[in-house]
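Shared between the two complexes below is chain A, which has chain B as its partner in the first and chain C in the second.
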Partner chain A sequence: MVKEIERAGIPVVHIATVVPISLTIGANRIVPAVGIPYPLGDPNLGEDKSKKIRRELVELALKALMTPVEEQTVFEK
Partner chain B sequence: MKLELGKIFIHDVQFAERTYAENGILYICRQEILDLVLQDDRLVSAEVELARPGESVRIAPIKDVIEPRVKVDGGGLFPGIISKVKQVGEGRTHALVGAAVVTSGRIVGFQEGIIDMSGEAARYTPFSKTNNVCVIFHAKDGIDAHEHETAGRLAGLKVAAYIGEAARDITPDEVVAYETKPYLEQIAEYPDLPRVGYIHMLQSQGLLHDTYYYGVDAKKFIPTFMYPTEIMDGAIVSGNCVAPCDKVTTFHHLNNPVIEDLYKRHGKDLNFIGVILTNENVFLADKERCSDMVGKLVGFLGLDGVIITEEGYGNPDTDLMMNCKKATMAGAKVVLITDEFPGRDGKSQSLADAVPEAETVVSCGQGNVIIHFPPMDKVIGTLEYVETMIGGYEGSLKPDGSIDAELQIIIASTIANGYNHLAARTY
Partner chain C sequence: MSKTIIVHYINNFFAGAGGEEAAGMAPELREGAVGPGLALAEAFGEEYEIAATVICGDNYFGEHMEEATERILKLIRPYGPQLFIAGPAFNAGRYGVACGTIARAVEEQFHIPVLTGMYEENPGADMFRRDLIIIKTKNSAAGMRQAVRKMAAAGEKLAKGGEILGPEEEGYLERGIRVNYFHEKRGSERAVDLLVRKMRGEECTTEYPMPVFDRVPPLPPVDDVSKVKIAVVTSGGIVPQGNPDHIESSSATKYGIYSIKGMDHMDKADFMTIHGGYDRAFVTEDPDLVVPLDVLREMESEGVIGGLADYFITTTGTGTSTGNARGFGRDFVKKLLDDNIGAVILTST
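Entry: the complex of A and B
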């Protein structure tokens, strides 16, 4: 899906739990997510902290979207 | 560590007043099995049915399959689960080869798979050729899914150990001795043969995708070394609710074909050093950490070659590839055994991940091809979940009881350790 949307000329950020798969598939902008059972939060930390994690990930993804890249790039914090 | 495995070949199973084996026939006391299963107060009722090769019988959904065995000498079967924690893999074990305990129940429901005892679909599962004692368990209302899984898992193991007792005092039809020595002695025994190891990846993703080593949840250990004979006494137990086709049942752990074949060549053209046991976790940091440990053990043991198998597919393909890469970097030649999921048209990438080091791969077939299942006279369990099982889809189950579904709905059809008859070749 990432590749097809980019083929149509729209840049994509892949928020991915397993970054190596995202790299293998060919995503250009990758933001590592928390983990497979809970990609965008952490139920162990409660809803408030999960929301904070979610916001940080989305903001990082938006920053990645605005960043020109020459090659596959993983956006760590 | 040396284990003698005595095999008693079973070619039929019958109900009787007591449980015993004689002249290749396994006799089962239904009531004693029911009493044993219902000792667990999480289970409110159960049924016991027999299914023999060639019968017009369909079993679904399958929780686990276990070969009945008994430790004649040297500890207890399934240590840390139903026996006390004690090192196994030594002494003597008897197995009722050709018999199996098959557990079924309304658990999870969507990933548990089918066994046909005859017809076209029967040839894709090894359990159409075993004489099956099927235990269908029913849990109390409102039970938590994990408790439900635990109760079902323990029921199967207890029944297998109970039936296995029938083999204790029988003179086996065949005795096979397996031996792996402590590292320095093993190296010294065949100094000129290539040192080969087996990296055994256990499904450990949680959410009912779990495997246990001496009772320890595999997601909680870091990779370790195992003598290959430990596995034959039930050191590893499946607690899995994963895609049926490549679920490694407890039967498959007891009868791991990679270990079996490596032993056959041990001392001839290779020196089988042992097993590196690892897991498949859901966090990237765990995947990195555990594959690092695997690579470290490969280097530390000075392995010239390794075979790696995985359980399940999808994100575990990343663990497989990380292990492949790091074992290669540690100096070993690597062969991967896996299965493939290229979509029904066969045109998609068949593993979720790949690395350049994965240049030698043995395929156990692809799980997406659609198979026709003719109607059967008898269903053990229920077909209620067929359309929501992995491999099933809306319209899979026909009014006459026949089924069209992807091959992956059949237990062990593409099992990624080679205990099947499918293969793929590159031309």
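Entry: the complex of A and C
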């Protein structure tokens, strides 16, 4: 799906829990997510902290969308 | 004993009817074997007869596909073929596409076995390898002798209803079909054998080749996300409560587009997860963990992003074939483009 979105001309960022899969299928802008059962946040830390993590991840994703890349790039925090 | 009737399809060039200048030639029928058909007839032997050969220019076929197919089907019907062979086309692209198209049409129309041959990189190979037995050939007619031998062997099996073994054994292009069978050794033993062979530096062939993924060059970045509308797509299986469209919890065959209009977060009263590949407990409590609507709404009101689509797009990623996923993507991008979506955040569990 990521590739078809990009092929259609819409920049896309993949927030993915399993980065190697994202790299294998061919996403170009990748943001590693937190964990498989909770990709955007961490409910174990309580709602506020979980949401803060989510906000930071989405901010990183937006930054990735605005960053020129020549090849597959993983945006670490 | 009556002979097995074969009809053969070749292009103008292999029929000796001229080269590129004759590529516009309309379908014609000749009695008996022509060109490579003579070698095929010899390889098939006494029990088989190439009763007729259809010849068509590659350009003619390419430019009038439907009409040419119809005409060719009409030409060969009176012969009542029991086996149809097209080519081999080697690396000739237009010829390969013609061979695949006509072979598939014959199979559908007459319900008889069909066979063609191509070089692996012939564009016709990727188009038809899933539907047809395509014998793997060299990239030029220099490989004719080998191609003919393999095609005759496979053709004989097909005509007699014999079991077609794997692509390696029979020499055809892999079709992406997996056939279950009982192996005399169990999987663990075979895995260890394979590992030992690998460690010894001996030849080791995987039992499960990974698919080859294509690549899309990265797009230039978004100038300013505060000026564009963003959409969320997910493979995390978030759906409205009750899963109205019955999206599968694994190996999905469909996706859904669901409204988030007027919502400031993903409420667990409205949404659930049906994903069969992860522990759903956390996301069931808070679907924002997969579709980050709460923070995107904040960013929207703060002007960090230009806007948010009124919907999100969703499916289940686990077990879903890359073919299906590609199909979903090709389908929903039309909507994203129509709605002037400037960037997508795709989340995966």
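In this text, the second predicted complex is superposed on the first by the 77 of 77 C-alpha atoms of A that agree within 3 Å, B and C clash if a C-alpha of one lies under 4 Å from a C-alpha of the other, contacts with A are read in each partner's own complex, and residues count from 1 in each chain.
Note that a contact is a pair of C-beta atoms (placed from the backbone, for glycine too) under 8 Å apart; a residue touches a chain by one contact, two chains touch by 3 or more.
Note that this is a predicted model, so its numbers are computed, not measured.
Undergrad: Which partner, chain B or chain C, is in contact with more residues of chain A?
TA: Comparing touch counts on chain A for chain B and chain C gives C.
Undergrad: Please work out whether A:20 is in contact with chain B alone, chain C alone, both, or neither, and reply first, second, both or neither.
TA: first
Undergrad: If we overlay the two complexes on their shared chain A, which of chain B and chain C does A:32 touch? Say first, second, both or neither.
TA: first
Undergrad: For A:68, decide between first (touching chain B), second (touching chain C), both and neither.
TA: second
Undergrad: Tell me the contact category for A:5 with respect to chain B and chain C: first, second, both or neither.
TA: After superposition on chain A, A:5 lies in contact with chain C alone.
Undergrad: Under the stated touch criterion, which partner chain does A:57 make contact with: chain B (first), chain C (second), both, or neither?
TA: The second partner, chain C, only.
Undergrad: Need the overlap of the two footprints on chain A, from chain B and from chain C, as residue ranges.
TA: After superposing on chain A, chain A residues 17-18, 21, 24-25, 36-37 contact both chain B and chain C.
Undergrad: Can you check the complex and tell me which residues of chain A touch chain B?
TA: Of all residues in chain A, those touching chain B are 17-21, 24-25, 32, 34-37.
Undergrad: Provide the residue numbers of chain A that touch chain C in the complex, in ascending order.
TA: 1-18, 21-22, 24-29, 33, 36-41, 43, 47, 50-51, 54-55, 57-59, 61-62, 65-73
Undergrad: How about chain C: which of its residues touch chain A in the complex?
TA: Listed in rising order, the residues of chain C that touch chain A are 213-225, 233, 235-236, 278-283, 285-286, 288-290, 292, 294-296, 298-299, 304-305, 315, 322, 325-326, 328-330, 332-333, 336-337, 341-349.
Undergrad: Give the list of chain B residues in touch with chain A in this complex.
TA: The touching residues are 205-207, 282-284, 287, 315, 317-318, 321-322, 349, 352-354.
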